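In what follows, a structure is listed as structure tokens, so that the remarks can point back to it.
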Amino acid sequence: MTGFHLAADKRTTLEEAVAHVRDGATVALGGGLAARLPMALVRALVRQGTTGLRVVGSAHSIDVDLLVGAGAVAVCEESYVGFEQDLGLAPAFRRGAESGSLVVRESSCVTMLTQLRAAEMGVPFLPVRGLLGTDLPTLHPEWGTVTCPFTGQVLAAVPALAPDVALLHAPIGDTAGNLHLDQPYVLDERFAHASRVVVASVDRLVDTAEVVAAGVTVPAHVVTAVVEAPFGAHPTSCYPGYAYDRSHLAEYVKAAAAGGEAFEAYLDRYVRVDEQTYRDLTGAERLTAWSASDEQWQELFR
Amino acid sequence: MSTQSADGAQGWSLDEWFVVALARTVADGEVVFHGFASPCAQVAMHVARRTHAPGSMLVEGATYAVNPEPAFVPPTSNDLALHRDAVYRMRFEEFFDAACRGAVDRMFLSGGQIDAYGNTNVTAIGGMPHPKIKLGGGGGGANISATIGALTVWTTRHGSGRTLVEAVDFLTDLGHRTPAGTRAELGHTGGGPQWLVTELGVLDYTDDGRARLVATFPDVTVADVEKATGFALTVADDVGTVPEPTPAELAAVRAVDPLGVRRLEFGPADLARRFGPAA
Amino acid sequence: MTGFHLAADKRTTLEEAVAHVRDGATVALGGGLAARLPMALVRALVRQGTTGLRVVGSAHSIDVDLLVGAGAVAVCEESYVGFEQDLGLAPAFRRGAESGSLVVRESSCVTMLTQLRAAEMGVPFLPVRGLLGTDLPTLHPEWGTVTCPFTGQVLAAVPALAPDVALLHAPIGDTAGNLHLDQPYVLDERFAHASRVVVASVDRLVDTAEVVAAGVTVPAHVVTAVVEAPFGAHPTSCYPGYAYDRSHLAEYVKAAAAGGEAFEAYLDRYVRVDEQTYRDLTGAERLTAWSASDEQWQELFR
Amino acid sequence: MSTQSADGAQGWSLDEWFVVALARTVADGEVVFHGFASPCAQVAMHVARRTHAPGSMLVEGATYAVNPEPAFVPPTSNDLALHRDAVYRMRFEEFFDAACRGAVDRMFLSGGQIDAYGNTNVTAIGGMPHPKIKLGGGGGGANISATIGALTVWTTRHGSGRTLVEAVDFLTDLGHRTPAGTRAELGHTGGGPQWLVTELGVLDYTDDGRARLVATFPDVTVADVEKATGFALTVADDVGTVPEPTPAELAAVRAVDPLGVRRLEFGPADLARRFGPAA
């Protein structure tokens, strides 16, 4: 199962960080919806040319969609992939599912949580509420049922899931890998404890004292590697630093919906470049203006 | 208090009224939750707390913030704007555990397809593993639709004729009865769907768990609803009109949602529906 | 199962607070060893004359021993009751177990945690590591085994445990019941979420803003009643307020070991009095000196 | 560095040496834990980190603080004094989950009775439900003795003749083999007892899981150990003397434990045992 990672200095580069992700690996992506997604790591994964991934998590958006569009994903096992009512369905994810090139083993939030908890608790399975009567189990031959030894009740049962690698993004962290996150943590804590390898990017690498003052959410001993990547969650948000980039997300969705050359052009422009170039191109800095006033904050969403 | 909307027109729009109708399904003192990608439900919960249900406890979508007072509702459910003034933010697992053990009284649920028993499909039109349209997915619904006290189901696409269906192509979230059995037979502890609010009217559920039309919006007839519904529709003896929003409710909708994210759920024709003095 | 508690003002008195505990109830005691035990509530319970309790928890000391000595407890289900190497075995607990007047269904930390988690997660049972081959299951006919539906492995299984009442003590809290605790939280969070009723005492009732600034550990919506009880954990510690009172604990252990009149004299002097009298008698105020210097802190332990 | 103890005497005491012997069972780079009521193990873990195992990760008893640097060890295991300078404190469940899944390499365990396979009884002399002496109880041992990488078992009461027994009256924590089967047969994932350190000497475990004497303290003979042991004792071919503490180790013991809480585990006769230059 999961051993601890005791090195004192875990700093590395994006390239070395994503080298932990082998073709075919089960990868947990931190954050949720369009917040705190590990996008700098995702972009590096695409540059690495990784294939055959099984991605697992709860509710996601551009992280999964970009990986699917770039051909990195074989199996998608999340509770949701999309851009909510604002930008709609996830284009590459949808195309993959509909064409059959992507296997979607849709999961649900509590089910994913329960599978991670089983791994974290060191048990091979856990019972879970709900699921029975829904069609989700038809997508999961690996799920089953269990009879409560005390009440005789039949419950859904799911096996432990220990991701090979978790990719997390945090606003701050130290060289040993202590990370502070703002809430909601979504599944990041569970990923951190259940995964064999945890790779974290941070907007700012800071002194341990600063992480302690903010609160250590993910402790160093579960983190394998840490890399400084300013605006590393962009175009998703990473508060207290920056709001999400609605116009960039719209640009992405348009390119992904068009597919083909348009998507390749997106990759060439934004993914197959270094992160400094990416930040300059996207003007990510402007998203820190959210904190100036409620009016400026709202403006970012119009 | 004026019922004038933000753009200066008199009366109110369908999207405003719809949100008010959703809000009224919240009883005072309830613990209520909406999922992500649910702007109408999200706005409705805040409207309920600011009007008839000040003692309800609101768990804010994907942030799990308790009773926040956001200055505006952004177009994404996981944003710091939605935490404003919340004393507490649940952890992900804390919320879902509470929902699984029955501590949450009401959840809002929608679906690309909804059947007579309130089962919903948010996974795939055409079913899996070969979807015609792959929808986003169900979030936590497949678990907590089984356990939460009561469900308010909603759709803004009833009129399409493709949403309220005889049988869902994929059963993501649980209504009162599935092909595998009733909730009781399946061992599920929650009460299931209590209300179904659509852009055509309001439905409740009969004792045998089927949707029943109880009120329509004034520009909609019972025949319109029947025509748009893919299953044999039960109609209450005394179908009325959805009660009009009060000025306080309309003011709450406009205060909670200055960006109008609720409108993202409606097509152009429904967005043009207006009611009241100047309608 | 467990509903939330939404009243805005949950302040009450110690007497009304412990009225939630009926004879025969299953009661979870917060804190651990000689830290943050809910002693003011325990003393009020003794004054109330409650009997037949089943007390559950992890590692405890004077809380359980005092309740046992006062005849309040029928069944003891903790992982440890004692005063460590310093003051030794728990006298009343030991006498009750050895005489047969107390039923000890000894548990273990992970087992108790797992049973609370089952209640919190709304499932009737959970599997748990270990136990098999030990003699603890012989004390628990309500425990069992379960076969993993995936691996075929046989694991110990335990039923959900939802205490009727949890008694917690916190350094600060507000009138709605939001509580801040310093770490270790021990099982207090799990008790708070798994129990039907949560009664909290706090050293200081403060503005909500102060609890938020310190961090809300237990949220108001799981708390039923809150009562201000300065030095409410004494003679155990409640940091950052006060260290534990080693001399008082020694006095207690001596009285409890002697039993009979000596124990009754302890109850008359320290328990059958109001809390202000108790604080004056014990000189609890001196225990705040721990923070002056490491030397003064050490002095309290000599 | 002087080996002078705090009271000015030359040499070192048995309690100091004992703690050093315990400390040496920690390998550098290991994640190590002790339970409550374990002052010798507690001091030993800090000594290991300050001497030969600086890269070990220490989880402090009942506080679950990671790598704290306490100014002193108080006589209770759940005290703020034990958090000093810890960057992180695990939650209760976080530690126990880690221990259950095998992320913790070593735990220190003691017992009122210990059998040849390292099973321990910390529940009741005379067994349950009718104990002759009700001990405190096992804490988390009944679970995590099954799963932690390796166990260092210790006792300071070997010489009593009542501690190392043929069969424990109640089996609280798991050794290599129980009446119900071996660890493998029971499905337990941890490695079981690796060392048994007593005030008479140091034992390891043979391939069949039985304790084997490998070294004695210099004032103890193999015959003394055999006499004090209630089971047939396996003795290594090359039994030696427990290696002497180094000045650095003794200095660490004294620095970590100025209050001398380690001495709480020993009887007066053993506290009087002194070694080295002035012994």
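A, B, C and D label the chains in the order they appear, each numbered from 1.
The working rule: a residue touches a chain if its C-beta (ideal position, glycine included) is under 8 Å from a C-beta of that chain, and two chains touch if they have at least 3 such contacts.
Everything numeric here is computed off the predicted structure, so don't read it as measured data.
Without subunit C, the other chains remain one piece by contact.
Listing every chain that touches subunit A and subunit B alike gives C.
Listed options A-D, B-C or C-D contain a single repeat of the A-B interface, assigned here to C-D, on the basis that more than half of the contact pairs agree by residue number. Averaging C-alpha coordinates per chain and comparing to subunit C, the farthest chain turns out to be B. Inter-chain spacing, taken between the CA centroids of subunit A and subunit D, is 42 Å.
Centre-to-centre spacing of subunit B and subunit D amounts to 60 Å, using the average Cα coordinate of each chain. Taking each chain's centre as the mean of its C-alpha atoms, subunit C lies 28 Å from subunit D. Residue positions 100, 147, 189 of subunit B each touch two or more of the other chains.
The set of subunit C residues that touch two or more partner chains comprises 121-123, 128-129, 153, 155. Judged by the touch criterion defined above, the protein chains form a pattern that is neither an open path, a ring nor a star, and not fully connected either.
Chain pairs that touch one another are A-B, A-C, A-D, B-C, C-D. Residues 36-39, 62-65, 71-72, 74-81, 83, 89, 91-93, 96, 99-100, 123-124, 127-147, 170-174, 178-181, 183, 186-189, 258-259, 261, 264-265 of subunit B are the ones that touch subunit A when the two sit in their complex.
Listed in rising order, the residues of subunit A touching subunit B in the complex are 32-35, 58-59, 78-82, 84-86, 89-90, 93-94, 97-98, 100, 103-104, 106, 108-111, 113, 117, 128-136, 138-139, 153-155, 182-187, 189-190, 237, 239-240, 243-244, 246, 290, 294, 297-298, 301-302. Interface residues of subunit C facing subunit A in the complex, by the touch rule stated above, are 121-129, 142, 144-146, 148-151, 153, 155, 157, 159, 215. Against subunit D, the residues of subunit A that register as touching in their complex are 1-4, 6, 119-123, 178, 193, 208, 211-212, 216, 219-221.
The residues of subunit B lying in touch with subunit C in their complex are 29, 31, 55, 57, 66, 87-88, 90, 94, 97-98, 100-103, 147, 189.
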